[in-house]
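In this document, chain identifiers A, B, C and D correspond to the written order of the chains, with residue numbering beginning at 1 in each.
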Amino acid sequence: MRIAFIGLGRMGLPMAVNLLKANHTLSVWNRTGARAADLQVQGARVATSPSDAAAGAEMLITMLADDSAVEQVAFGDGALARLPASAVHASMSTISVALSRRLAAAHSEVGQGYVAAPVFGRPEAAAAAKLWVVASGPTRHVERCRPAFEAMGQGVFVVGTQPEAANVVKLSGNFLLASTIEAIAEALTLVRKSGVEPGAFMGVMNALFRSPIVENYGKAMVEGRFEPAGFALKLGLKDMRLALAAADAAAVPMPLAGLLHDRFLTASARGLGEIDWAGVARVVAESAGLPD
Amino acid sequence: MRIAFIGLGRMGLPMAVNLLKANHTLSVWNRTGARAADLQVQGARVATSPSDAAAGAEMLITMLADDSAVEQVAFGDGALARLPASAVHASMSTISVALSRRLAAAHSEVGQGYVAAPVFGRPEAAAAAKLWVVASGPTRHVERCRPAFEAMGQGVFVVGTQPEAANVVKLSGNFLLASTIEAIAEALTLVRKSGVEPGAFMGVMNALFRSPIVENYGKAMVEGRFEPAGFALKLGLKDMRLALAAADAAAVPMPLAGLLHDRFLTASARGLGEIDWAGVARVVAESAGLPD
Amino acid sequence: MRIAFIGLGRMGLPMAVNLLKANHTLSVWNRTGARAADLQVQGARVATSPSDAAAGAEMLITMLADDSAVEQVAFGDGALARLPASAVHASMSTISVALSRRLAAAHSEVGQGYVAAPVFGRPEAAAAAKLWVVASGPTRHVERCRPAFEAMGQGVFVVGTQPEAANVVKLSGNFLLASTIEAIAEALTLVRKSGVEPGAFMGVMNALFRSPIVENYGKAMVEGRFEPAGFALKLGLKDMRLALAAADAAAVPMPLAGLLHDRFLTASARGLGEIDWAGVARVVAESAGLPD
Amino acid sequence: MRIAFIGLGRMGLPMAVNLLKANHTLSVWNRTGARAADLQVQGARVATSPSDAAAGAEMLITMLADDSAVEQVAFGDGALARLPASAVHASMSTISVALSRRLAAAHSEVGQGYVAAPVFGRPEAAAAAKLWVVASGPTRHVERCRPAFEAMGQGVFVVGTQPEAANVVKLSGNFLLASTIEAIAEALTLVRKSGVEPGAFMGVMNALFRSPIVENYGKAMVEGRFEPAGFALKLGLKDMRLALAAADAAAVPMPLAGLLHDRFLTASARGLGEIDWAGVARVVAESAGLPD
């Protein structure tokens, strides 16, 4: 497939590499050019703008930092306008439910396809083509994207035909991950201040939960190791905002999401935005009078 | 070993059966006599009172509903006073950190041993000898109890030598389980009201978490199946109280535990105390205007 | 002064009447025409559109339901474009901090003045010219508006020269009012379920607080009288959203605002959006298992 | 009346002085003797123990730090046993609902009277005989105490005949005061970080609320003046615990009380227990990244 790939950050770059490995033809663009150059030697065409990349593509993939970056590419730069009518846009970054709806409508108006396809997994998983892709949209559009998704991930979950379904799942999933972090952080603080060895506690929890998620976050917190960030706290804050916005729009009170938002905001206001999001454990510990 | 086993409820009865199977000698007592009779046919001696059971025992196991039941047996009825000086009391129910400390001191004063040894696992796990036993106390006392623990569980975690360590771990663990329930309940409510199929969402979460805990609670909530209770909501409420009491005593603010307490209390006040604790999902759904 | 008055709702209509009484010349507009007709007999000119009203005015007052209504009037309909360069726009409804900033910039660009001037007070206070006007903006613009403000209120508070200061004060004030409602509602529920007469409790609180706000909300809750709404619950929900948005933008975690948002959202999701915002007391009571 | 007055702390001492001024006969006792000596010169008899003070008294007043101090005096030292059968015990400190019930039962058993009569007001109000006394209990017992109450306060509120009613009112009232502190603290943090002058904001709030409570707490926070403590933060924490215990026992979820508890516990864990309880504003400010 001829694929335009926009956004070569810590996730986007390895994803694009895996598409090249699977013999797709790529035209790529990134806000800062250096990262695109890396891909050129692997056979990608480096476009001069998002719309230049989109011209002639069968599939457009966006993997950008936030809503405004996606809006800028799609509407501001005009990538949407240049994309051929038969093409499909797979929006793979974590964006708001509202923007996903708006993109779906805009594409539909001009006959293009739109699929929301955010992913679960960290940069290492992206490099190993082990992402989980969560997709939603009209079946024929999802199916056209499937080969590309399979080249980047270990599995594709189709969660609905309405375009924003995958965004809801992605935000709800990140909410579940953040909840796990908060719960472990509170429990570990209690355990520590009660004189129990944190590693011993996590040993029991790992036997009980048998989950790599619980194990990995617990380990990072027991060791106090939050750098380098696998997923930056400030991005976690952004996602809690998006989850709360989706919840508010659907009239769903989510007090736990509110609590998480406040934790991430506190951590961010205190200068911890760049560490791993498991690092909110520091704010939890401080609230109990513990040193970092 | 000659074991006095007090408390033959939904957990205690199968645990006692497994001790008999492992050829321990049991004298048993239960507040309501009928359940003790079941064990008589399997070779246990049915005692006339907790202190009658404790007389001559090498090990005393209590598996009772709450703090006041344990206090009544240990101090009120006088089981502690009748227990031989060389014996060890393994307190296996979920009791407060404060009571565990008090029991440890009382036993120590008269030369008896005390081990806190609460368990993780539901009645089915108890029947299958698949409990996880979390133990704490002086090493020699824990080791004396080990054969009995191994006859009832699939593993023993020793989490410290101070007697209440295991109680802290047990309460923190139940807090983690309850947090998982709340998080899934909020996420599922958002997912549902956003028009996404709840089962599809849990499919993604199961791939991500790979945890039987997440899977089982998610399944119960997707199916709205909260009866019969594996663990009654009112017991979950009791444990949130104990966790908050431990946290308060250790000066650890636990806002998530507070949120969980309020959910369980709301559910209980609305008549849901007897259903499974995953049934707080009903309160979450109602807060978003959904029917049960 | 020649004043264009846009928005003749429950607050706007009596405010406009007071301006007429103070001998200002009014051209008025309302989305539904009937309310404008009432003013015609009192001497106002009924404009055919917001921009028609704005043409030739020295001062433009907007008193509309929400951000989108104000945006529609200012930008969509073009009232801003038609307003003379020397005129001042006093934005008196409760709008977001972000929109107030945007309006200030847009007016400034074309040489017009902009003053944020939200008000505290219910329709009765508006009718009696007893509103409190909270104003912010460049001093000369605020002073030009002052005669109009004084015709509508019992006092004008100038809280800063940056245009959005008054919006922050208004939203923070509504947050304080909503907090008072929640606190009284929780206290009254405890008092009731403890068998104490709610009126007796409020008697003590009134002696202590000596505040008409505490007295009036307490009285409404003791009597369970939430209709007709002085301030509709759904508007309270809107304001909690705006307060949280302002807090998020300023990196201020406000857990109490989050709690209030969830209460109002729950009430709204359960069909209580049209009753007075003190009616969240019903949701509080229900959470304790009390009937309404 | 012959009154035994136990507890001469910052509140008790001026209250006892006012009883002497009103010509009551006092036998007093305090844990640390020095404060009792001050009263001796004003005509009080300094007792050698609480029970010595109680012997022969018509009325026993306890004004002690917490539940355990009251328990020690009533049961441990035996003041209750020495009190004449016809006497009435007025428990005026802020104690738990549970202890108040227990005291009522114990007194009733031996034919003595019991009245719960906690007070609102700070040491200055106690000195000026301007306390508000909230009383509950059998009417004849309350009426016997009334002359003493009137000598110490500016008003007596009788809130019920069941003995613990006044304790519920006192705890609910302190909850309302603490809620006011939290709400102002969050609002002021938003206001500050938005560049608005905090004093200007409080000016508007004072016009709106017209409450000395709002005015005084707001002033302390605007000035950052939390010492000397009018009411120590650690006592506020104690009262939030008692309020939550009463709420839990009555099956009333109080999320705002939970939030307040966590704030006070955080402040206490960070070493702020001795400053005025309005000083939780520091914790609120820190959570937004502001310096103290």
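Following the convention adopted for this analysis, contacts are C-beta pairs under 8 Å (C-beta built on N, C-alpha and C of every residue); 3 or more make two chains touch, one makes a residue touch a chain.
Values in this document were obtained by computation on a predicted structure and should not be read as measured data.
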item	value
Mutual neighbours - chains that touch chain B and chain C alike	A, D
Centroid-based (C-alpha) most distant chain relative to chain B	C
Copies chain D and chain A - interface residue numbers shared by over half, same or different	same
Whole-Å gap between the CA centroids of chain A and chain B	38
Inter-centroid spacing, chain D versus chain A (mean Cα positions, whole Å)	52
Where chain B and chain D are represented by their mean Cα positions, the distance between them in whole Å	39
Residue numbers of chain B (touch at least two other chains)	251-255, 259, 262, 266, 269, 287-289
Residues on chain D engaged by chain B in the complex (per definition of touch)	241, 248, 251-255, 258-259, 261-263, 265-266, 268-269
Chain A residues touching chain D - in the complex, by the definition given at the top	255, 262, 266, 269-271, 286-289
Sites on chain A touched by chain B in the complex	97, 120, 132, 134, 155, 157-160, 162, 164-165, 168-169, 171-173, 175-177, 179-180, 182-184, 186-187, 189-191, 193-197, 200-201, 203-205, 207-214, 243, 246-247, 250-257, 259, 287-289
